[in-house]
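Below you'll find the structure, written out as structure tokens, and then a few comments.
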Amino acid sequence: MRHDHLITSKQLSREDIETVLDRAAEIDADPSAVADRHANTLLGLLFFEPSTRTKMSFETAMKRLGGDVVDMGSVESSSVKKGETLADTVRVIEGYADALVLRHPKQGAATMASEYVDVPLLNAGDGAGHHPTQTLLDLYTIRENAGLDDLTVGIMGDLKYGRTVHSLAHALTNFDVRQHFVSPESLQLPREVVYDLHQADDGAGIREHDSLEEVLPSLDVLYVTRIQRERFPDEQEYQKVAGEYQIGPEDLEAASDDLTIMHPLPRVDEIAPAIDETDHAAYFDQAHNGVPVRMALLDLFLSDDGAGGALGGDGDE
Amino acid sequence: MRHDHLITSKQLSREDIETVLDRAAEIDADPSAVADRHANTLLGLLFFEPSTRTKMSFETAMKRLGGDVVDMGSVESSSVKKGETLADTVRVIEGYADALVLRHPKQGAATMASEYVDVPLLNAGDGAGHHPTQTLLDLYTIRENAGLDDLTVGIMGDLKYGRTVHSLAHALTNFDVRQHFVSPESLQLPREVVYDLHQADDGAGIREHDSLEEVLPSLDVLYVTRIQRERFPDEQEYQKVAGEYQIGPEDLEAASDDLTIMHPLPRVDEIAPAIDETDHAAYFDQAHNGVPVRMALLDLFLSDDGAGGALGGDGDE
Amino acid sequence: MRHDHLITSKQLSREDIETVLDRAAEIDADPSAVADRHANTLLGLLFFEPSTRTKMSFETAMKRLGGDVVDMGSVESSSVKKGETLADTVRVIEGYADALVLRHPKQGAATMASEYVDVPLLNAGDGAGHHPTQTLLDLYTIRENAGLDDLTVGIMGDLKYGRTVHSLAHALTNFDVRQHFVSPESLQLPREVVYDLHQADDGAGIREHDSLEEVLPSLDVLYVTRIQRERFPDEQEYQKVAGEYQIGPEDLEAASDDLTIMHPLPRVDEIAPAIDETDHAAYFDQAHNGVPVRMALLDLFLSDDGAGGALGGDGDE
């Protein structure tokens, strides 16, 4: 079947994911080949929450394909203030654009909104819900740096609240990947996410740890996330926990020379700046990969053969 | 004569209006024919007040004609904060753009600003003053759905403060239209507007009512507006009044099957969502019509034969 | 040598300046010749402080060259709020754009940021530091109106805090220009700036005054700046000082018929509106000149022969 909208990475089969990543790699290798491919195309940006890099990289992606954007602007300057429902807002803005990108603070907002529009809608984050384009650019970065077969990945930091992490972990169950989750006990993966991962992967590849030390030597990829100050009732407690899950050059002595370090950014001090200059650091490339991956997605969803047409499969989404 | 600027729909003759609507219909039928017509053209956006749909649809219109926009951004981030006059601001920005769109909270701002610039200036709302592009898209929607001859239109809700309503009512006096105004007594049309309409139309077509019931069966078009909470000193009073001027499916039993329901949006709860799915609902189309109508206006004002050249006539503006 | 970035006008030799101004004049004479010259080029806008005209004219310049922009938006809506460093922000955004424009409240920010990026970075103001594109458009305006040889320039107003003034004064030492500085004693040029100008120009052309009267008749150009209310502890003191350094039509009786009056804008009441209509007034042209000058700079920095390649010279930046 075809996908009309992109709501969650869970809707994508392994084959779908590979279609996106292959297209992104093609585009990355020769962006000029698609520089005018979607001329006269407008992408509507509906960001109900602030975002720098997701919004800018979607905008860049559309413009690198020859198109342009129309931006709703901030909620403060919009009709939302006057009490308009999301269903009404998206139905108005779909009249201006050929596709929509939506970020919204409420989980489920993207699914709901997609039911009201005929143009493709791409979810750019719905609260604690999904953020599939982040997952796809993470997968692309992993594949470019370490491949996606016979791989050992460590995911460290705030595993409790991070939708990025849950979504990536789930997507990785499509591939031959062992996953180690490293966090303080208070920020462990929620039990329902662990259950979900075991369901998806027979539990074979999933392990949880409270220290990086024991798993670092075995890792091909280390994915670090930010531990948010606001999750802790007490500054001292935060400092103690955050300090234990920072990576500095000295920590890397036990790591493989080929270790790839990723981070969805922005970072605060989870990764020491001294690592930026090493071959381990892939986080800026990772941010930049948002462009070819989102170009690939837009191209697939905007192509003449129908919305998301090339994202074939036999699922029932 | 030619129009240099678009300040009010009152400056437009019936012939001018038909020129705009005809051009909009042409563009609507085949937008690709004009997709590069105004390449290398920049439209300056000066919004001194928030706006979602007017701003986005002007931006969309310019981009659908192959051009682009430069946006002053919000007043908070602009030189206005430093005490710059509107006359200075528009004279600076006219150096960047081929035409300007201005929204400003003060009535008369567009007229004043237009005296300082040589490029076409289009009024996108000046406080309690005018909003001519809204009127034109309303007329376009009425014409597409019900024609503009031998027509009965009901206009309901807040008729006291709504510039949209005053402007549309005046424009309709150019056509063979009977107008019924339905509102609570406290939100009736201001007497000077009624006087003005009688002057324009010999009073023949104008009637006021405090209930929809008596006129609904005769209507071809029902134009609903939002009753603003902030107009009422007291929440209870608001609830009582607002409740009486809401439309639900049960209210439509007495209506013609061909009744067209319009609303300038955003709505709060003036029109029940159940009506969205019926053939009566034209309000989303109405919002979308902002694009072809503004494309037509931009095209007419930016064309080589002079600013607003094709909006000929023998009036004296 | 070549310039990788544009941080300060001090890095530019007289030859460099003339290269920019000549290119701007060429573009100004026939903008259509470059209307598609940088198609498919994206300029990243990073404005950590509000700005209307600098930002809009950079955006206009890029679009008039056929390119487009991606805008970080306001700091409030960006990752900066989450504690991201400037070094990280510019490294992420360089992945989206072919060149960057940075405005930042901290002096030295542009230099620091430029060390982290490979694409050209143009400083659009760094606190009390530099604002080289303003200086170049000022020089362009002076050259267009009065030439840059055997010239007498008066600079009046707030000479203490204005980076615009310091930067322009320094750049003028490259040319055969006598400079008269007119200000209240409390807003005189800082001693280190005077020292710096004497170093650059053997002090030959620099004079300071507390009244315009004595120098006005000799001036070819009068550059007026805004005296900021917030510099004064006391409103009465401000009114007294500001009133003395305002220019009205009656002040111009003693001036040359060819006197050119400039102002970086926004003005409050330093220049009476009655002067706008005279041939003396060059300040709106000056604002508009931001476009061809920034087009010239972008063109030089984005051209195939390397970043800022055509800004050759044998200095060492």
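The first chain written gets the first letter, and so on, giving A, B and C; residue counts start at 1 in each chain.
Operating definition for what follows: contacts are C-beta pairs under 8 Å (C-beta built on N, C-alpha and C of every residue); 3 or more make two chains touch, one makes a residue touch a chain.
Since the model is a prediction, treat every value here as computed from it, not as a measurement.
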Report task. Could you classify the connectivity of these chains, where an edge means two chains touch, as line, ring, star, complete or other? Result -> complete
Report task. With over half of the numbers shared counting as same, classify the chain B/chain C interface as same or different. Result -> different
Query raised in the report: When the centre of a chain is set as the mean of its C-alpha atoms, what distance in Å lies between chain B and chain C?
Result: 41
Report summary line: Touching at least 2 other chains, the residues of chain B are 68
Query raised in the report: Can you list the chain C residues touching chain A in their complex?
Result: 40, 42, 68, 70-73, 76-84, 87-89, 91-93, 95-97
Requested in this report: Over in the complex, which chain B residues touch chain A? Could you list them?
Outcome: 32, 35-36, 50-53, 55-57, 59-60, 63-64, 66, 68, 74, 226, 265-268, 273, 284-285, 287-288, 290-291
